[in-house]
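After this come two complexes, each holding chain A, first together with chain B and then together with chain C.
Moving on to the complex of A and B:
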């Protein structure tokens, strides 16, 4: 008897998941129809891809620890432009290059674009109207947009089916931008939005990209985000990702990176907000001697969940990679880490190290960590480790013995744990702002 | 420096303490006056380190009987940080590493905690920088160590120097140096000892906990105590340390066994 009830439930929820994904796809297509981007072929392909999927459940290995079923009862509608007239600004970083959007809709009033021979920082919607959008540039964009591996993943495809605009950053060969390029993503109201960013650094180009995701109000919402980053030979991209969404947000994101020979990519991803956040960080290689650094920090409380899924695929020799993911979980929060590293037979002399450190501040918090190293090459150096711990009483006592109260000692230790990641960020004002934010968080 | 008229800083009477239910300190009596340097020697397991941790208030050690009066205050009633702010300093045998917290920030937070406890204003970052750089010279520590994480990647000698730097900043009334000489080469030992001597005044006192006589060549004690079985079994002058060095502890511990 019990068995038959449970079977009924499962199939009911399966139907529900199929319907729900269909609903999201309908909303995505409608959003795409409203946008002016001439991307019909790309959209159609994405729609077909999504149609082949069902909405993920705990039975999917990729979603084993991150339960999306709370979304099923939330019939999100596509996001309207938003009425909030307040200025979208990223106070932590001042820059002459900023692309701002509210609910995925580009806001020119809060943006500072650049369209010149060697550098483009602009939304695709505006580029299409611009005389600077040459055939050559159009060819560059269309050969890269939604062309990275992993595009068939369900939320990536959903994003492709429904993004309203694409924030485009393109640097011609040898172009170097010292100031960070800021992509500011803000959200309001109850809706689903699909955020898309495309970054292309040609040969030996160099830039710092700062993405910030935040929201206002208590409304339940969902943002999917896909950022594709292409590094040509010798290019360098320093990427900072700051996810500080409002408390009732589902944030499902992907950063997909392609690294050509001798390129250097660094990602520092900070997750502080959202009810549920997922970040897929996927790095693919198209040449030897790449250098990859993946740093992440999640600091969570209440019933927050943050999931970092990374994939590093090395198929060329002489590359180095470092990954450090740190999670702090308080209350009933839940952090998930799944770090896949694939070192093919052709990727000899790889030097890779992965470390996942977790700090549990409450016995009701939860950590799931799953390092996955698949190493086929035989002449490589690959290290990995994962730790889960609480604040060490001896460390607290050491600080106490110097006159620091137990509470302040704990805050200092938390701060120290987190700052190891924050210090990887090269922008001082942002480090300072995060340091203040983490001090506040630790209170 | 022994001065019979000096005021008593620390008075320990009939102290019993246990860790995880095992009694380690058994009726310890110990008194320190201002200006004095004491050495506590003894074999492993005699209770020396336990005594230092009990003084600092380590939560793993439970005091089951006796009292500790520090400058007229009941020390056992104070939290560890309150003891530190009242003037107790323990230089750790194994100083802990605190990744992500710069030495400079750690020292400033500790220094300001002391000031706050005394009802003084917190010192600002710039004044503190001047102060800490000046104090670093006492232990000949390169200022670059201030911007590294607390003790992280420091060698044994650097960690001990950092302990003495903390002592130089916090200016405690009673410093307890737990095996500060262990793991030091001769140059580091001289530097650390020089720092301790420089900080020693007529108004404060130092307790050196050590296995070996070597440290006592550089920091000359007024009293040498031998600890065994959780209390002090013999007290003498600095010559007692030399005697222990040549004769070992057997002649004393044998007597103790008979008692």
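Moving on to the complex of A and C:
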């Protein structure tokens, strides 16, 4: 054979990326050592997983359009317990269940926990000390924490190696909480933090989960977030995710969901903040007849980048799924969408629809979208669509002909475009606050 | 699919015979010497040898792509015969009477009319057997209009200035692994040049036949349409049945200048392997059209029914303002066939438009993927794209995928993409049964309707052939 096998030159950037990932892992392990959680086996496994990976580059298909190379020059240190005494609160939603953390460290002063026979809303660090943490509950938590598929992805493993606490929400069978459970995540200072949430809804349990991510100050920082949600048979979880991080934040998040038979999961993810944000939403099925709704809205300006990756794996019959992802990009912003729907041979009678709509407001903005279908079952109804366009001049003109100024007409159309997603949120006060926020954004 | 529609075996491949003809082949394997030998055998000028060597050296540094959604054992590039030609007398052929009768018989069997008496159909044909162009019909008639239609080896000798100007301009030698390989070892193919303002008086066609069992076929087609000209081009292919896999790595380059129009249609029916997935052609093809001039138009139509593996993305680079790119495709896979096919539309000029219509039909245990790219560059004002890709699944063991990439960097662009997946419903079959139509006929009618948007784009004879081909391929899929 004359064609020599070309030895790939290990480029300087590859070395750079390897060292950087090693640095992140060291920081993660140090953070884990400082926390008192007895999770050595889990951590060791995660460390091994991270060590097998390289820091993603543009050559990885999953990261092709989301360039993380800016991070390489930022040697983030693990986050210390914040000193800021200001109250961590989520003004848009008032609730009796709230778990607050600053830089990933739990803040009991701003939290309202609940530990009773059928419902647990508490951080793992506190649970461990509590007499309510029965063997049964311990078994439930340890059989679910970091056990969802997709855990071998590098940032998820990094999160597992380095989280300082886990916000645990557990509902026993038939428990229904009307008020939303709020998980409030705030950050300050230049640091890297790994945020972890575990939600377990047992048989026919029902809850609304609101996650909010925000930050103060102009410091560059990085937050990785992993939220695992387990829905047992007939359970219902309505999940709202609000990402409004400060302007210099790298926000890399994963939401992994396991749906048993007849369960219903809805995610409404709103991305407004961060310099670079990535939300990887993965839904796995462990029973038939599930119902899944995935809604997303990114409204971006300046040089922001928001990347939504979703994976829906259907392996059982009679399920339905809808997905709508909307992106608005202005200035030099960049929106990325990659939605994968996999329908296995065993998932007959699936009804899945996926739509990605993008609105470009500036010529410097950029959209990269890739809706993906992978179908083996034949008796299914699957469709997807994607559009990219600007505001339609005839629609603006129509409004102008009714005496509305061109500028106002544009704002109105933008608002309408965005509100289709916001209206999926069931909490009135949050809808209102987002509506105000978007009106302001459209100015 | 339940009771009435099931994937069973398809019609035996009727073009699977081998012609026993003496051939003049180079030894197996690839090296710089082989590249030089091919060039020397064809008596090529220095610029061609340089072109080949540059490509070969580039190929050595490249890696075989791993991203397509297909699986195959590693290809041993040293076990392939890179050049094989039917042995003929050294002298140039004066007429078809000098062609080996065994060859003519082969093409008769295939239904290709290169015999004089059969030249009733108004189509000029260039026939490529293994690596060499055998005959080109209607040359004189075309020459009257200034149209050059000949094999590319002939063009290299007779019109070196044109070849030099355009060869490798659309697909550079290092474009991708298989393109580099082709650039290094390509043996023959067709060359078409339509002069300024000429509307080509008849459809042009190339027919490819792979005969030798160990040969790879590496042909190269170059079509240049000058200002205001237009041409319709058809391509067909078959190969004998062997239980080993053969490599086919072709390149097609199209160049359309101001106001020119090229319509390129393919009916691909290489041997697909048997029902157990043994044998068949690896069809790794690079096809790209460059809409260089303003208001130019390139339209690709393909009906892909053959090949064990298809890896093919006929693309349009829309550089000229107001240029138009079109892609119409039907890809049918059965048994163990794998297809990863689609298109790329790259919008560079202003007010460029593109349309993509892709229909995938998967039966048996096959895998059918649509992979497409719509790219709107930052300076392309007013670009417009519409894509539709529909899949039909026959049986629950086949696989349909879509991977559409949409990359937009200009806010005046309008891009739409939609995709759906469906099957033939029991209710549809019942409706036909009510009217006394058998399930077989019903399925064939439904499929033909499903593909209508694409077949409408094919020239008449080809459309009829394609329609027939699909029903043959799916014969007995209904039971």
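Basically, the second predicted complex is superposed on the first by the 433 of 443 C-alpha atoms of A that agree within 3 Å, B and C clash if a C-alpha of one lies under 4 Å from a C-alpha of the other, contacts with A are read in each partner's own complex, and residues count from 1 in each chain.
Heads up, the rule we're going with is that a residue touches a chain if its C-beta (ideal position, glycine included) is under 8 Å from a C-beta of that chain, and two chains touch if they have at least 3 such contacts.
Model, not experiment: these values are computed from the prediction.
Asker: Is this a clash or a fit when chain B and chain C both end up on chain A?
Answerer: fit
Asker: According to the stated criteria, A:345 is in contact with first (chain B), second (chain C), both, or neither; which is it?
Answerer: Only chain C; A:345 stays clear of chain B.
Asker: Which partner, chain B or chain C, is in contact with more residues of chain A?
Answerer: The partner making contact with more of chain A's residues is C.
Asker: Using the superposition on chain A described above, determine whether A:58 touches chain B (first), chain C (second), both, or neither.
Answerer: Neither partner.
Asker: Angle at chain A, chain B to chain C, CA centres, as a multiple of 10°?
Answerer: 70
Asker: Taking the superposition as given, does A:404 touch the first partner, chain B, the second, chain C, both, or neither?
Answerer: A:404: touches chain B, not chain C.
Asker: Of the partners chain B and chain C, which touch A:75 in the superposed model: first, second, both, neither?
Answerer: A:75: touches no partner chain.
Asker: Quick check for you: in the superposed arrangement, does A:38 touch first (chain B), second (chain C), both or neither?
Answerer: A:38 sits against neither chain B nor chain C.
Asker: In the superposed arrangement, does A:373 touch chain B (first), chain C (second), both or neither?
Answerer: Only chain C; A:373 stays clear of chain B.
Asker: Given the touch rule stated above, what does A:360 touch, chain B (first), chain C (second), both, or neither?
Answerer: second
Asker: One more residue to check, A:384. First (chain B), second (chain C), both or neither?
Answerer: It touches chain C, and chain B stays clear.
Asker: Upon superposition of the two complexes, what minimum C-alpha distance (Å) separates chain B from chain C?
Answerer: 15
Asker: Once the complexes are superposed, what residues of chain A are shared between the chain B interface and the chain C interface?
Answerer: none
Asker: Taking the touch rule as given, give the residues of chain A at its contact with chain C in the complex, in rising order.
Answerer: My answer: residues 1-4, 6, 61, 65, 345, 348, 358, 360-390.
Asker: For chain B, which residues count as touching chain A in their complex?
Answerer: Touching chain A: residues 56-60, 79-81, 83-85, 89-90, 92, 95-96, 98-101, 106, 109-110, 113-114, 117, 149, 166, 170 of chain B.
Asker: If you look only at chain A, which of its residues touch chain B in the complex?
Answerer: 392-395, 397-406, 408-409, 412-413, 415-420, 423
Asker: Can you list the chain C residues touching chain A in their complex?
Answerer: 1-2, 29-32, 59-63, 67, 76-78, 376, 378, 391, 393-423
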